[in-house]
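Paired with subunit B in one complex and with subunit C in the other, subunit A is shared by the two complexes that follow.
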Partner chain A sequence: MLLDTAYNIGTPEGVELRLPVAGLAPRSLAWLVDALIKSATLTVLSIFLQVFGDLGGGIYLLIVFVLLWFYNVLFEIFNHGATPGKRALGLRVMNANGTPVGWSGSLIRNLVRFVDVLPGCYAFGCASVLLSKQFQRLGDLAAGTIVVYAPKTQASGKPDSTAPVPLKTPMTLDEQQAIVSFGERASLLNEERAEELAAILTPVLEDADRTRLLGHANWLIGERSSS
Partner chain B sequence: MNLENVTVEMRPRSEWEATDFGARMIRRDAAAIYTVWFAITLPLLAIAMAVIFFTPYAAYALLLYWWFEPVADGAILRIISRRLFGEDANVRATLRAVPVLAWKNRLFLFTPYRLHFARSVAMPVTQLEGLSGAARRARSKVLNLKIFNYGVGITAAYEHLVLALYFGIILIGYSLIPDAYVDTLGNSWMDLFWLDSSRVATAAGLLVFYAAQTALQPWFVGAGFGLYINCRTQLEAWDIEVAFRRMVQRRAGTVAAAIIIALFVAPTVVLPGTAHAQDADAVEAEQPADGDPGFVGFWSDEDVRPAIESVMASDALNTMETVEKWQRIRKDKPEKDSRDRDTSMLEAALERLFDFISLMVEFGLWIMVAVLLLIVFLTRNRWLPYVGFETAARPAARRIYLAGGELTADQLPDDIIAEVLKAWRAGRKREALSLLYRGSVFAAVAEHGVRLPRSATEGACIRAVAAQTDRARSGFFRRVVHVWVRCAYGDQEPSDDAVLPLCSEWSQHFGSVR
Partner chain C sequence: MRQEAFESRHAESWAIFERWIAVLSAPRSRRGPDDDPVATISKNFPAMYRKICHHLALARTRRYSIGLQQRLNQLALDGHQHLYRTRTPFFTAIGKFLVREFPGTFRKQWRFMLASTLMFYLPAIGMALAVVAQPEIIYSLLDPVDVSRMEEMYDPANDVLGRERDSGSDIQMFGFYIYNNISIGFRTFAGGLIFGLGSLFFLIFNGLFFGAVTAHLTVAGFTETFSSFVIGHSSFELTAITIFGGVGLMLGYGALAPGRKSRWQAIRSRARDGLPLIYGGTLMLVAAAFVEAFWSSTVWPPLSFKYAVGTFFWVLHIFYFWLMGRNEP
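Showing the complex of A and B:
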């Protein structure tokens, strides 16, 4: 089997879901962003709440408690599995079976965070992320959750004005997809490289070249010549 | 390099995903990688230790170790890049190649480029493509456009993680000391690591740093390589090439045929400049040494030169840009005197200003508290039931959602039956029956506390009323609904005999409250 980053699961309906799990570097940076947000919030609050004297101090301690224990939980539940830091890095927490994370999953993973932090600098968590198969820290393992890259809506390549050319050779779905993605990305390649790629297909499609492949790609995505 | 033998799933990934992809490659060959890592770094560590104990330059030992550690990075890079294309992770061959690799990476070992912020993505260019000088700079420029920021990102992430692990290991050690001894040790144990300058302390610090780096450095190298490979996959559409070659292979049936095609078709095009297709051959530029002819022999300089020159002369590479920006012009003297004179006044004024601001903020906060309390009080009906108190039941306020939308009191006239009769006599039969139906539903809910499901259909209303009121009322309600349903959906207009009795009986069952 070829090495891949995505983690594939099959649903009972026979649909294959590809979950791109996220590893150490982006997760650490997301943590850093969250840590900065939390400490900035607390600093600003501590300045303003001083005006209230002891009452302010009490409120401040309550806020510290909520922020430290429930910041992640609340954001994960109500913000599609993403704290602001995770959102900044394009990450999202979900259950290992691909469903949205719920209260129990989120609470467990964030309570066990205090084991990951041990012995003080996230050493256990880092080791777990590097060694586990789906980049899970101990909290994730306990709660059965994973951190994935939120799907980005990516603009497909510019539609090319090449006239569609019907594809006569029978092709598997993967092969058709390869030709379509050639059509989408040909404009990003320089012309020689595109020709070189097209030339690979000579044994399959006679006189395969860039323009012809673009035509096939347009035909495959459903374009038909207007005449 | 042969893309047919590629051992990973090639597809364009997002940059962060590419770093994880590198981690996967490290994990797959962790055994070979760590063998090579220890074979290279342990001697280096030994040299650093010797410096600590046998020379007066103990303080520089850590720097020495850290500076030359990238030698091992090069070896790791060699292993994962070869494994990417299906070759074996040969530990012996890798170790034999270390001097060659070190020379290729001389820029990052013997010059200030050691401090390069994105070294992990810059090293593949020198080592795997074998570029140096202007060629390297030009190539780096192309790659840096896409991945330099991410290269810096992983450097920042991993260097901080090394530091975190460094302190983490020290904390583990500290937590393993029994409490009784901790008291006697006081702070001196911790001081050992960052204040003490004795040789033992320096050596211990170096060992801990080495342990932390051992845990993380290979993953850092892998992340950089992942970024590099992903960048080239995107620039040169490697994934499409792989897919196309598979397509050819599937039809040709034999691997041999595909290789012949690769040999004769691929070299027909020469690509200098930005996205080098021939670098597909140069990912391992050491092939000649290893006896692999690669594709290098197919081109002579004369063939390539014109193409290179035409591309280098093209507009894309020769754009000039004028950037204008504002710059502050410093004046040296004038303000100084006046400022001295005004200082005390200014301070006093500022103090008053701050007093005023803090007073305002205090008022503001108390007002906010008052507003919050007011909101809590005003919304008591919403939250009191949750805390266990019953609020005064006001069935009339209950909202009614019928299948067609929400039904509210202001949709209905005050005297429903009068309006119904008026409409009926005027021949607007459908309107009359609709009003009768809605009035009955509203009355059933408002006066008799019937609970309806959301988006209740006519049938649902009948069932709800039948279940929650007495027999006579629900029988009457059923008649109303049937008349309405026949008219509305069956288009059968009822006769006066069917409707007028309903109007006269209505007040017996409904309408007591309004």
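Showing the complex of A and C:
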């Protein structure tokens, strides 16, 4: 069983799309960033609008209203499902079926936020995130939305230019895949760690080390030595 | 097929698809001159998307590397988001909403609307009768300080009606009404998630408050100033609050009696059903704030005219919810 937070979306085309859902900690931090942005905006505005007396006071209250209830809604709809805080933490909101969140979903999840905040400090919301399978707060459950990590575009591709080494030991597809993935990630690991990981295979492959595994990886993805 | 051969065979289509996604997501101004026009993209998009899905499935069953799988997963996800996005033209949607969807949903959910209306007006009438019979009862609900401030506001000796106005800045009051009243509306709705209890609380509390204040000011003999101020926006405001309460009760009913669905499924579908009422209620409260700030507080129109306008709004509401939206399925 996979011990990660992947959430699978079935599509009409018959493939499953996989997304990692975000847990309590990153979501709380994103909330904190948003709270800071909102309070900073209000502080600056209140100083500026004081000049205009009552008129300024009215505009100030209108802005408080919009920030209070619609800050999240507007950002989620016009900014690919992410408030600035979520963007900073690499999160985004989407419908549970993987489509972009729309007015209905976003509005419901953000109005129900009022209940998530109860009885104080987002207690209901936190409990709900911790207890529900896809880390949804009550608003998410009522709206049918999820918060996921926006996928990072990562460098992938060929391991490196190590000469391909034929793999003689029979291996299952999963095992082969592990070796190829090791080849892809090797450049992101430091040398000691890569050696350490490669050494795990010693019982199966004699003298398994980093270069040898990279060679296998290149051979597995289809390279052949200058043939 | 080895991964490398697979990648080199299809790399071109993936790059094209990636570029299409970028073109579709970018604003018009940032599109390059040699990008395909949107019409071409739209025509070929679904076929290309299905191809990407096919590649993703192949990459998974053939156990190609995680990196490649992630890339294809990402491409398919982006495609999915573009293909299954829902869009409706804004102004058509607004017109259809006001003429059919909002009143239609109201009619369809009449049980909840009725329940919420009763939950607001019955406590209001009860409290009003109680205050008329025994004026001290109002102090069980309001502070003496609040009561005297309320009296001061509607004292006929004042020139300006309504909540206190220092320099009569209507905009300021507009901001306050928007912020305060719509927040109350939203809370009345959201509280319904707690098995309807939150909505019931706000409905009954506001009903008691409204009844108490009305009766108290009537007993005090401030009827003219009070009702001429309130009548203009009351139809919008009170109806909107009961609508929000009604949608809250829908959520609560979903939680209490989910029927054949799971509890959360029931709540979700009730919330979606009630959404037009949330939009409509919000619009009504914006209208209420507008009327309250710029019309209700004016002193120049003769009282009879203000009563006439207020009555007109009430009649408008009754006919709107009575006659409109009958053909909504």
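Just so it is clear, the second predicted complex is superposed on the first by the 170 of 227 C-alpha atoms of A that agree within 3 Å, B and C clash if a C-alpha of one lies under 4 Å from a C-alpha of the other, contacts with A are read in each partner's own complex, and residues count from 1 in each chain.
The working rule: contacts are C-beta pairs under 8 Å (C-beta built on N, C-alpha and C of every residue); 3 or more make two chains touch, one makes a residue touch a chain.
Since we're looking at a predicted model, the values are computed, not measured.
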First (subunit B), second (subunit C), both or neither touched by A:54: second
First (subunit B), second (subunit C), both or neither touched by A:223: second
Touching partner for A:39 - first (subunit B), second (subunit C), both, neither: neither
Which superposed partner A:135 touches (first subunit B, second subunit C, both, neither): first
Touched partner set for A:21, first subunit B, second subunit C, both or neither: first
Partner chain(s) touched by A:187 [first = subunit B, second = subunit C, both, neither]: neither
Touched partner set for A:79, first subunit B, second subunit C, both or neither: neither
Touching partner for A:202 - first (subunit B), second (subunit C), both, neither: first
Residues of subunit A at both interfaces, subunit B in one complex, subunit C in the other: 174, 177, 181, 185
Subunit C to subunit A touching residues, read off their complex: 2-5, 25, 49-50, 53-54, 56-57, 60, 62-68, 70-71, 73-74, 76-77, 80-81, 84-86, 166-167, 169-176, 178-179, 182-183, 186-187, 189-191, 193-194, 198, 251, 264, 267-268, 271-272, 275, 278
Subunit B - residues contacting subunit A, complex: 6-9, 13-14, 16-17, 19-21, 23-25, 27-28, 153-154, 156-158, 160-161, 164-165, 167-169, 171-172, 175, 215-216, 219, 223, 234-237, 239-241, 243-248, 251-252, 257, 261, 265-266, 268-271, 273-275, 277, 358, 361-362, 365
Residues on subunit A engaged by subunit B in the complex (per definition of touch): 2-6, 20-26, 28-29, 32, 48, 51-52, 89-90, 119-123, 126-127, 130-131, 135, 149, 152, 171, 174-175, 177-178, 181-182, 185, 188-190, 192-193, 195-197, 199-204
Subunit A to subunit C touching residues, read off their complex: 9, 11, 13-15, 17-19, 53-55, 57-62, 64-65, 68-69, 80, 94, 97-100, 102, 104, 107-108, 111-115, 118, 138, 141-144, 151, 153-154, 156-158, 173-174, 176-177, 180-181, 183-185, 220-223
